[in-house]
């Protein structure tokens, strides 16, 4: 029952901070709330025994992305700055839409009778995961593992290209 | 059997002349083109006389005159059974018509050499005359009703071209247009008649149609509409075409206006030849009318009778000499129609038929003479209103003499030809329909009256001062007058009862004096009245006109027929049909099309806010779009 | 797995190699020599295109994650040809002072998106599909925001990245339910057990919405116009033909092979969306004055036509879609090529600037006209055949009314295509764009479009080849 | 292990999180907050995959690996997005999403 | 090489040659030569066709050639002609030839002008020789589209609006046609077997009646729009009014015939059962077209509008006749197409020539032109007479055949509409004579007109070509009607289901 309680705590944290993330008027706080959500999610993964995934979640998400976001917030706004709120009409319509969406989805979810596979669970230790990441047969993930590197490389180059300051233009102007 | 295939040359020569003059005329001297045209027609006339002589007097097999298909080529296959052919059909009436047409046409050609001298478009005039001669000859030679229709249209066009000869004169243009359109309207009836007739009988051919065992007569078709058979209806429709061309009431309105054309044209087309095409048409189909659809024939008779009276009344008050003649023509054609209408078929019953043709023949002579004479007068005084004339007998002796002969002839005084032919008509009418008979009596009197009114007004009456002293027409114009005068005098002695009869067989003709004498007397009364009133300038005409002012006014305004037509065309057709249609087309039909485009543009403009440039709105549409799809396909489908 | 197996992946591997090579060469070039990379890339890519056409292995690798068949190979080759033309057409723009510093990055980003598309097309499971999709999208955003000092470019970038992130989020949400309800991510295994329960339909629709975003189907299209307008013109042309083409390919493959058990449902859905897409695309396109934006909406309408082929649901449908995309690549690149050439030289991109173009630049105008006619589906140019076969496909499934609506929409589209023609030929202009001569690569790029537009229609061989290949994949 | 928590609980959480993320995306005016909303969305998807994998199909690690890849992609996406946001900030001097609507209609 | 393929090839080669010409003189010379060759080819084709028939060749289609194009869709390049197509090809060759001469003085972008013109003609030729529905449709659209440029660039008045309207309406028509054709294709093998685009092969089977009911209106209206079927005719007045001379000639003379030909060859021929069922609706529409167009023409003042409405009326008669579905009426329909093609081309050529001199097309601003420019005046009168159905000119033959054919139906409905349609001959006379009177006759209203020159040699050439053709058909219609009639045999047999007994 311990794990059940754990689950409800995590779930509560996730939901509450999710809502706070998207409603708070302070951007930096939003980032911190997001961090809580992500960490709690990692907790869920731990609970489900996917330790590696949880670790990745913590390092990449909490450690990487959120830090990135906080940096960019610091670059682009003042800490004390309060976010401009959307007008009530927009908020109301959006709220209606997502309530409708959540309802539809949940109805569908509860209508569906999930059947668990009877087969035994695959081991999910770090070693097994590592093996799967370099295996190229069925249920091997060598290909995506390699391919995602292309994405990361491209994203890196792209981010640099977009974000870097242009010097050339200034030079041109000076030349003229 | 004699081979008459050469008769096809009679129309073809004028055609060749037309093409030749039409294409090269403007390069040659005017007189040359005139001479070529005349020569062509002279050739045609000679051929026609040869034909007539060999047909009527060259001996024939069996009793009576057979109808001979001298020449025929297929022109168009329309259905399995129906073929339109072109050819020449030789029978008494067509031969007679050949003679009439070529003669009058030749006279008019010769006359025109003088009359049209110096006119601009001299060659054009002769080209058109040749075209007309071609069409008219083709019409009378038609072997089938469709050929007739073809040439029927062609004469209409030639008439149109000739009326509008002075195309710079708006009135001439209007008149030509009117003539064409009115006859065209009538032709629509003709066409419908042909369609009905040919569909029922599966033939166009005259010989088959008039054959007593042929499909037309033996199967008239049951009562189709208003108790009349299909055949009757088709014949009535066909007669509508004839009535249009022959200016029968109420389709006559174009004829007086047609006098805008050069006078020789009026003589040729609107007196002697084309306008009698309607008579010829009915005569051509006479057996079908008489045997298959007597009801249609009754219609013919009444239309003819009413027209003749109507025209005669109007003629009494007109002042334009050509218009008087035009109404007189209408009146005389009414006579012919009436004669056909009251005729029976075969033997003495066919008296009316014979009389109609006879009158056609004589009328061609004297009416052409009248017109040419009038032309000579107009040529002399450059005016065609009789109020500007008078006392011309001194200046124009030849014209005066021939005109007088023609007047006497048309008045029906024996022994001139008009008497004989008119008398036969009266006889025929008397035996058939007394009402019509008495109408015709009245018309005879009126005819004599208005002709002499015309005669006196021109040649006697007041002494008018002329700017230029009128001088007699040149010889080239006098000669045709003399020839026609000769014809008018003696044509009455031709034995028509032996030559041109309803069944091709000759019959005995008795002069019925009981009818003839009163008619002559009535004519004499008419002449006398005219003499009293118009020989010298008196106040009597005005007094009479004043005493019957309404009648006079109505008559003078031609019973307002033109106004009625104008109302129908200008007001109803133009204003209430054409204009609304034009409006409807531009605004409703086209407006709808433009409206579709407009709606599209409107929609295009109004949905632009969908693309507001705001990412969140895009996302909102995205999400709701997906959700709507979910809703539809998960929960509604 | 032997070395020969890698030949099966030659498109992906070779292009990766080229991308890395470009990076290495670029590092060794002095700033003033940076533009030397352009011909090198062109040659390398040309080589790549040629090798792509060589007969190659088919097969399934990585336990079914990667599938290569003659059909996927031809799809990739079609994309290759398009990219090659774009490479030629973008030379003038790349050489402009703004971009001198970052030429090779352009190529690398472009190639990485292309690699993503390759993987997407060849994917045998949803993981690879998703990965390919993202590789094809994320660098794209960087490309859209390529021109720094232009606010529009940045705006295009942010609109693209945010919208696509949302859409891939929705798509992933759908995928997660697909996984949850079937227990697998492999296409063939999913196909076996997929049925029509509510959750599965919901999952499918979410997945479809994500795909529809890529192909810009209404109502998932709203990013298109803004991004197309803001992005550099060559990126726009890439987005509008290559990106859209690849997405259409994979959509039709997935619909036909994975979701054929609910074909009745997606056909109805596509019916609806096709009408919406064509109509809305047309209505917006009618009013556009900016050429890029105009072509954006036109490409939305064109996407609606593609759906007709998908609706056919048979070999004809498959063939017609692939064939249409091929034709569309040439037609649209012809149009974009002209826009790009003019933009690069004069900086003008409004339709009003095109007034009287024929008097000064007849060749460009003629090419533009041809492209417009081809897009509108007017014979004898290839677009006619493309459209006709799409309609044939739809009619083969009995969708006559839809065909009617589509053809009427094609008529409306003709209206605005003719507006361009009208501007160039009929409208008078005091100050038309002066005569200029494009550089050689651009002209080669344009000429290739002319050839394609003319040859593709009459040369039935191409259609036949595609048709014979399509037999393999359509199995229901 | 997971004890007595049914799968549906996870799904409810993930669904709610997903739509909360969507709500944030639709209403936050700040571009960075919108990006954070995206992270929420991706995170919810991850929960789904992991839960399905664990509860229903534990014989393979498909869902698990999918989540892994999503995390990597999310990182790449965030990197590019933030680069562009910085670019936007330079160009517009603001990261308010409503300011970024130069192109419309 | 198949002689028919030359009809497409020669225009294409001409276009290629024009591309290499340097100036206007060369361009028009090349065009004239090219289209002259085309005219000769047409004459040769007619001759070859007749001699084949005389030699006893009774095949439905002659000079057939078949090449597979898209095997999987069974699309072929199939060509072949029967008497009807031969007649239409002859018409096209004449009108295009005359059109080239009528546009002798086009100076602005003359190369482009002639290229578009000839491209259009190649589409028309292709349409008439095609037996494969796909190629037929392809050529159909090729024929329609150059019209936009031709009107838009070289037109006058609200040319852009008119060009757009015309193009869009015609393309909407072709949208309907496309649906119809696709439907026909997918129902071309109701008993199984490969689907087929081939016109002749499809005619051998019966398309299921439910599909016919659905497809016939599409196909017929689609083609009908090009044939100016009421109420889809409004592109015609605007389009013709704005178009340059040669384009109006070609469009009214030839292109509108595509509508009639298609309605007949595709809609009615392939779907006779539905045609019989639905004919009454369209008969009413076409009868309205006939009368309505004629009345509409009366009120117009612009010469081109008058002629455009007249075309609506005349082309309405074509469709009217087609719907009568018996041999005579169909024969009349074809002759009417040819006749109208020639005379309307003549009219538009003359309007162009007159407009080029007077710079107005308003009849009320002109008058007495006969005196100043007699050649054009006479030509106009001849054209007018042909239009109002004067015997000896082509219009008469056509109209009479149509009316007789229509009268073969014995029921009241057909009788009434026939009489209604026939009444148009009076209305036609009214507007024709009205124009002739106002334009050519009467006093001269504008003294500037006194200095006008009569027709130049190329104008005479163009005019005379057309007049001679009109007269040739009018005077000796037999060969034409027999040529058409023979080929109508199999079609009528299909329409009526009766075995065909030759007329002759």
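Chains here go by letter, A, B, C, D and E, matching the order in which they are written, and residues are numbered from 1 within each.
In this section, a contact is a pair of C-beta atoms (placed from the backbone, for glycine too) under 8 Å apart; a residue touches a chain by one contact, two chains touch by 3 or more.
Computed from a predicted model, the values in this text were never measured in an experiment.
Enquirer: Just to be sure I understand the contacts, which chains border both chain B and chain A?
Expert: Neighbours common to chain A and chain B are C, D.
Enquirer: Name, by label, each chain that touches both members of the pair chain C and chain E.
Expert: Shared contacts of chain C and chain E: B.
Enquirer: In terms of Cα-based centroids, which chain occupies the most central position?
Expert: Central chain is E.
Enquirer: Comparing centres built from CA atoms, which chain ends up most distant from chain B?
Expert: Most distant chain from chain B: A.
Enquirer: If you tally contacting C-beta pairs, which pair wins, A-D or C-D?
Expert: Counting C-beta pairs in contact for A-D and C-D gives the edge to A-D.
Enquirer: State, to the nearest whole Å, the distance from the C-alpha centre of chain B to the C-alpha centre of chain C.
Expert: 77
Enquirer: Can you give the whole-Å distance between the Cα centres of chain B and chain D?
Expert: 96
Enquirer: Counting only Cα atoms for the centres, state how far chain D is from chain E in Å.
Expert: Inter-chain centre distance comes to 65 Å.
Enquirer: When the centre of a chain is set as the mean of its C-alpha atoms, what distance in Å lies between chain A and chain E?
Expert: From the centre of chain A to the centre of chain E is 69 Å.
Enquirer: Residues of chain D touching 2+ other chains?
Expert: Correct list: 11, 18, 21-22, 25-27, 34-35, 51, 56-57, 62, 65, 69, 73, 76-77, 80, 83-85, 87, 100-105.
Enquirer: Counting only residues that touch at least 2 other chains, which ones in chain B make the list?
Expert: Answer for chain B, listing residues that touch two or more other chains: 608, 611, 613, 615-616, 619-620, 623-624, 630, 634-635.
Enquirer: For chain A, jot down the residues that touch at least 2 other chains.
Expert: Residues 86, 90, 94, 97-98, 101, 104-105, 108-109, 114, 117, 139, 141, 144, 148, 151, 154-155, 158-160, 162 of chain A each touch two or more of the other chains.
Enquirer: Taking all chains into account, which pairs touch?
Expert: A-B, A-C, A-D, B-C, B-D, B-E, C-D, C-E
Enquirer: Inside the complex, what are the residues of chain B that reach chain A?
Expert: Residues in contact with chain A: 616, 620, 623-624, 627, 630-631, 634-635.
Enquirer: Can you list the chain D residues touching chain C in their complex?
Expert: 11, 14, 18, 21-22, 25, 31, 34-35, 38, 41-42, 44-45, 48-49, 51-53, 56-57, 62-63, 65-66, 69-70, 73, 76-77, 80-81, 83-85, 87-88, 90-92, 100-105
Enquirer: What residues of chain D sit close enough to touch chain A in their complex?
Expert: My answer: residues 1-5, 7-13, 15-24, 26-30, 32-33, 35-37, 39-40, 43, 46-47, 50-51, 54-62, 64-65, 67-69, 71-80, 82-87, 89, 95-96.
Enquirer: Under the stated contact criterion, what part of chain C meets chain A in this complex?
Expert: Within the complex, chain C touches chain A at residues 1, 16, 61-66, 97-98, 100-102, 105, 108-109, 112-113, 115-116, 119, 127-128, 131-132, 134-135, 138-139, 141-143, 145-146, 148-149, 157, 177, 180-181, 183, 197-202.
Enquirer: Mind pulling up the chain A residues that touch chain C in the complex?
Expert: 104-105, 107-109, 111-112, 114, 117, 136-144, 147-148, 150-151, 153-155, 157-162, 166-169, 172
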